[in-house]
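Next come two complexes built around chain A: one with chain B, the other with chain C.
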Partner chain A sequence: MVQVRMMEGNEAAAYGAMLSRAQVVPAYPITPQTELISFIAQFIAEGRMKAEYIKVEGEHTAMAAAIGASAAGARVFTASSSQGIVFMEEPLWMPPGMRLPINMCIVNRSIAPTGGLRPDHNDSLLQRDTGWIQLYCENSQEVMDTIIMGYKIAENKNIYLPVATCYDGYFVSATASKVEVPEQKDVDAFLPPYKHDWYSLIPGESKERPSRGGSARNRYEVQQANERAKKIIEEVDKEYAKTFGRTYDGMIEEYNCDSSDVVLMTMGSMTGTARDVVDDLKKNGKSVGLLKLRCFRPFPTEEFQQLAHKYHVIGVVDRNTSTGSAGGGIVSMELARALYHLDDKPLIANFHVGLGGTDVTPRQIEYMADKTLEIMKLGRVSEPVDWVELKDLGPVM
Partner chain B sequence: MSELDRRFDDYYAKRKFYGGNSCCPGCGGPLFWRMAMEAFGPRTIVYGIGPCAGCTMRSIKLPSFNIHFSFVADGASGILAAFRAQGINDITVISSAGDGGTADIGLGKISAAAERNENMIQVCIDNEAYMNTGIQKSGLTPYGSWTTTTPLGKEAPKKDIPLILAAHHIPYVATVSVAYPQDLKKKFEVAKEIKGFRYIHVVIPCPTGWRFDPAKSIEVTKLGVDTWLWPLYEIKDSVLHLNMKKEAKPVKEYLETQQRFRVMKPDQIEWLQKETDRRREELLTLDGKKLFY
Partner chain C sequence: MIEIRFHGMGGQGAVLGALMLAEAAFNEGKYAQKIPVYGGARRGGDVTVFLRLDDKPIRRTCGIYEPDCIIVMDPALKKQDFVRAGLKQGGLAILNDEEQPSKIDLGVNLGKVACVDATSLSTEVFGQRAIPIVNTPMLGAIAKATGFVKVESLYDPIKHQFTGRIGDLNVKAAQLGYEHVKVWEAKS
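Let's look at the complex of A and B:
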C-alpha cells in the first residue's frame, strides 16, 4: 500500500535510496547531509535495507569507493554537501569518463569562507563541467522520486552517466512536506536490477570499458551521452507519471506561464515560494510566469530555444555567483549561450539572491518580477546582475 | 627464434604476468608482481597503482583496476562491498600503492581501511621516492638520501609504516624484500589464508632513482636487509617474528653502493649506524613478543 506521511528531504532521500535497492553506500557525514546517511545506517541496522554501508574517513574515499563498487557490479548511492563536494573534487571527475552510473545527493550548502551551513548552489554548480547529470529538487517528494528516476536514467546503456540529485540544505533537507512512498514492488518493476554491460572484475570473465583513445574522444562521448540524456530524462519522467501518478515536466517546468509577457526562472527550494508570489501577481494583473529549471546538466538548450519566443524577458534567479564572470550568475550565462543564435530571443535579466543560504523572500521575488517587467518596458537590461540582497526592500512579505 | 627467447616465452606463458615491460632495467616492480601473482593464484584481482604507475600493473594478466595514484585502498573497499552485496566471496583482493601513496597522500585512507578491517591485502611497493615524477622525496625516503627535492639529503628518517599499521591491531603485517624471494612468497601464502586487513610492505630497488648499476639490483637490495636498514619481520595477531639473520653488516656498505647517499656527511652516517643498531636491538628484544594488547 502506498504510504503517505510528512517527511523531511533527507529522510525522503534515504527512502529513495532504499526503494531503489542501492547495494553499496560509501558515505562521510557533513551538515546538512548527515541525517540522510544516518537514516540509511538505521534502515540497514533494522534489516529494512540490504546494503553495504562503508563508513569512510572522508569524501575523497567515499567517491573512490563508489567508483570501485559501481565497476564491480553494485548499484551505488552516496551523498555530500559543500566542503565535502569540494574535497571530493578529484574522484568526482572520474565516474562520467568511466561511465559509471553512481547516484549522489548533493544537499546544497554554501562554501567557506563566506558561506555558512545554509544553502546556495555553488557546491553543485562548481561540478558543471564534469559530465554528471544534475537534477534540482523542490521538496521531499521530488527528492525521493528523482533518486528513483535518476537510476533509471543513469543506468540506461545509452547513457551510463552518474547523476547528482541536488536539493537545498534545511529548506528541503530538514523541512517536512507531504510524501507518498511508493510500493517496493512498483519500484522494482520500474527499476530493474543494475547490470553494467561494459564492466566485470570477476577473474576469467573480466572486462573493462574499451578505451577508444584520447581525452578528446572520451570527453566527446560524455558530451554525446549528455545530449542523449535529454530525451531519456523526459521519457523516464513520463514513464514515472504513468506508474506513480506524478510528473515533474522533465527538464523545465512552466508554471502559470500562460499569456505571460515575462517569466522568472528558479532552481530548487525557492521555487515553492515563487509559485505563490507568481499566483498573487497574476491575480493582480501582472503578466509574469515561472520557469522551474529542474535539469541543469544536461542543459536543456533546445527546449529553451523552443519556449524562448513566448517571453519578452526571462529573469534568471541565480542562487550562486561566478565572480569575475562575463556577467552574472552561472545559470544566466548558460541561458545566454543557449539563446545567443536565435533571431527572436528574450532579454535576460539576472538576480543574485539567497547567497549563503539567506531566505529568498516573497518580497524579493515580487521585486524581481517587477524589475523584469520594467526591463520589458525599457527594452534593455541596464546592469548585468542585480544583487537583490544588498537592497533594502522593506518587510519580507 | 633463439632458444633463450623460446624459454622466456614458455616461462611467461605459465605465469599470471607478461614477460617484457616498459620498466627501467633493474626495477624490482615486475619481479615483485611476478612472484606475488604466483603466490595468490588465479582468483585474484588487483586494485591500485604501484610505483611508476602503470609500468608493472599493465603486465598483470588478472583483472586490475585503478583510478589514480592518490586513490589508496578506497576503491578496493568499494569492490569488496560490491562483491559482498552480490554474494561473491572467493576472490582475493589485492590493493596496491607506492611509497608516496602509502606514507603520504593515502595514509589516512589506509588507516581507515585497516580500522574497518577490510578483507584485502594492502601492499606497499616502496622504491623510496616519487620515482615516476622524477625522484622527489616521500615519507618513505630514507634518512640522508638525495632526491631532487632534498638536494642536500633527506632530513628525517623513513616513516615506520609497518608498525603504524600494526598499531591498528590488524591480523597480519609483514615486511619483505625482492632479494629474499622465498621469504616473500611464504609471507604471501600466509597472508592469503588470513581474513581481514593484511599489510605487506616491500622495498624494491630503483637503479634510476637510487643511482646504481641496474645489474646490481638484487645485490644492493640484499644489502639493505643485511645491514638492518630494511629488517624483515612479520607481525601476526600483534606478535612480532623476525625473519632474518641476527648479524648486521655496517650501513656504510649499503650506502656506498648508491650515489643517492653521496651527499651524506660522516657524522650523519655515524648517526644512522647508531640509530640502526638501536632499532636492531629493540627488534631483537621484541622478537616473539606481543607488541600491542
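Let's look at the complex of A and C:
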C-alpha cells in the first residue's frame, strides 16, 4: 500500500535510496546532510535496507569508495554538503569520465567563510563543469521521486553519467511536509537492477571502456552523453508520471505562465514561495509567471530557445554568486549564453537573494516580479545585477 | 492558513514538538508543514520553528514573520524582541510560564494568552534534567488553548517518536499540560 505521511527532506532522500535498492553507501556526516545518512544507517541496522554502509574518514574517501563500488557493479548512493563537496572535488571529476552512474545528494549549504549552515547553491554549482547531471528539488516528495528517477537516467546505457540530486538544507532537508511513499514492487518494476554493460570484475568480460583517446575525446563523449540525457530526463519523468502519478515537467516547469509578459526563474525551495506570490500577483492583474529550473546540468538550452519568444523579460533569481564574472549569477550567465544567438530574445534581469542561507521572503519575490515588469516597460535592463538581499525589504531571517 | 512560530532553546524539544503537532494535524486530515531554523545542533542555542496548518497544500517554504500564534518554550525568552516580532494583533501566545496569563505583556493586544508551567510538569514526569524537555506538556497546552488539534490526536505522533515507557510518559506529560494550562481571553 502507498504510505502517506509527514516526512522531512532528509528522510525522504533516505527512502529514495532504500526504494532504489542502493547497495553501497559510503558517506561522511555534515550538517545539514547528517540526518539523511543517519536514516540510511538505521534502515540498514533494522534490516530494511540491504546495503553496505562504509564509514569513511572524510568526503574525499567517500567519493573514492563510491567510484570503486560503482565500477565493481554496485548501485551506489552517497551525500554531502558545502565544505564536504569542496573536499570531495578531486575524485568528483572521476565518475563522469569513467561513466559511473552514482547518485549523490547535495544537500545545499553555503560555503565558508561567511556562509552559515543554511543553503545557497554555490556548493553544487561549483561542480557544474565536472559532467555530473544536476537536478534541483523543491520539497520532500520531489527529493524522493528524483532519486528514483535519477538512477533510471544515470544507468541508461546511452547515458552512464552520475547524478547529483540537489536540495536546500533546512528549507527542504529538515522541512516536514506530506509525502507519498511508493510501493517497493512498483519501484522495482520501474527501476530494474543495475548492470553496467562496460565493466565487469571477471577478467576479459569488460567490453567497451570509456574512451582512452585523450582528454578531448573523453570530454567530448561526456558532453554528448549530457546532450542525450536531455531527452531521457523528459522521458523518465513521463514514465514516472504514468507509474506513480506525479510529474515534474522534465527539465523546466512553466508555472502559471499563460498570458504572462514576464517570468521569474527560480531553483529549489524558494520555488514554492514564488508559486504563492505569482498566483497573488496574477489576481491583482500583474502578468508575471514562474519558471522552475529543475535541471541545471545538462542545461536545457533548446527548451529555453523554444519558450524564449513568449516572454519580454526573464528575471533570473540566482541563489549563488560568481564574483568577478562577466555579469551576475551562474544561472543568468548560462541562460544568456543559451539565448545569445536568437534574434527574438527576452531581456534578462538578474537578482541575488538568499545568499548564505538567508530566507527568501514573499516580499522579496514580489519586489523582483515588480522589477521585472518595470524592465519590460522601460525596454532595457537598468541595473544588470540587483542585490535584493542588501535592500531594505522588511525582516529577513 | 494558520502560521505558528515556536521559540525555544536547543534541547527543549521545540523541533520535535512542532513535528509532532504537525503530524497530529496531518492525521486529522489537514495539510501541515514544519520548517526548523537553528545553527549547529547543540544544546542551549536559539531554535525557531515555523509551523503552518491549512486545509489545502502548503507551498511557500519561507520563514513566518507575522505569526498568528507564538509558542514560547522558556520563560526567559518572552522578553526577547525576536520572539515578539510581528505577532499579529488579536493573535495567540502560549508560554511555558508560571505567571498568570492576564499578566503577560508582549507589547501587542493579543486575543488569547495561555500559560503552563511546563518546566515543573516535565520535572514531575521525567525527573530533574539540566535542560527540561518541555515539548510534550506544551503540546497538551496548545491543544487545550487553541483547538488546533484534539489532545488525543497527539498520542500517535508522540508514540511514533518515543516507544515503550518513554512514549507513555510523554503522553502523560501532554495530558498534564492539557489539564494545567491557564487561559486568558480578550473580551470581544
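Structural remarks
Criterion: the second predicted complex is superposed on the first by the 384 of 397 C-alpha atoms of A that agree within 3 Å, B and C clash if a C-alpha of one lies under 4 Å from a C-alpha of the other, contacts with A are read in each partner's own complex, and residues count from 1 in each chain.
Keep in mind that, in the parts below, a contact is a pair of C-beta atoms (placed from the backbone, for glycine too) under 8 Å apart; a residue touches a chain by one contact, two chains touch by 3 or more.
None of these values were measured; they are calculated from a predicted model.
When the two structures are aligned on the shared chain, A:C105 is found in touch with neither chain B nor chain C.
In the superposition on chain A, A:A176 makes contact with chain C only, not with chain B. Of the two partner chains, neither chain B nor chain C is touched by A:L339.
When the two complexes are overlaid on their common chain A, residue A:G73 makes contact with chain B while staying clear of chain C. Of the two partner chains, chain C is the only one that A:T361 touches; chain B does not reach it.
Within the superposed three-chain model, A:R5 lies in touch with chain C and out of touch with chain B [touch as defined at top]. Touch criterion met: A:G272 reaches chain C, while chain B stays clear of it. Of the two partner chains placed around the shared chain by superposition, chain B is the only one that A:S206 touches, whereas chain C remains out of contact.
Within the complex formed with chain C, the chain A residues making contact are 5-6, 31, 34, 116-118, 138-139, 170-172, 174-178, 269-270, 272-273, 275-276, 359-362, 394-397. Chain B makes touch with chain A in their complex at residues 42-45, 47, 62-63, 65, 67-68, 70-71, 74-79, 81-86, 88, 91, 108-109, 111-112, 115-116. Interface residues of chain A facing chain B in the complex, by the touch rule stated above, are 23-24, 26, 50-52, 54-58, 60-61, 64-74, 76, 90-91, 94, 200-204, 206, 208.
Here chain C touches chain A in the complex through residues 15, 19, 22-23, 26, 31-37, 39-41, 48, 57-63, 65, 85-86, going by the rule given at the top.
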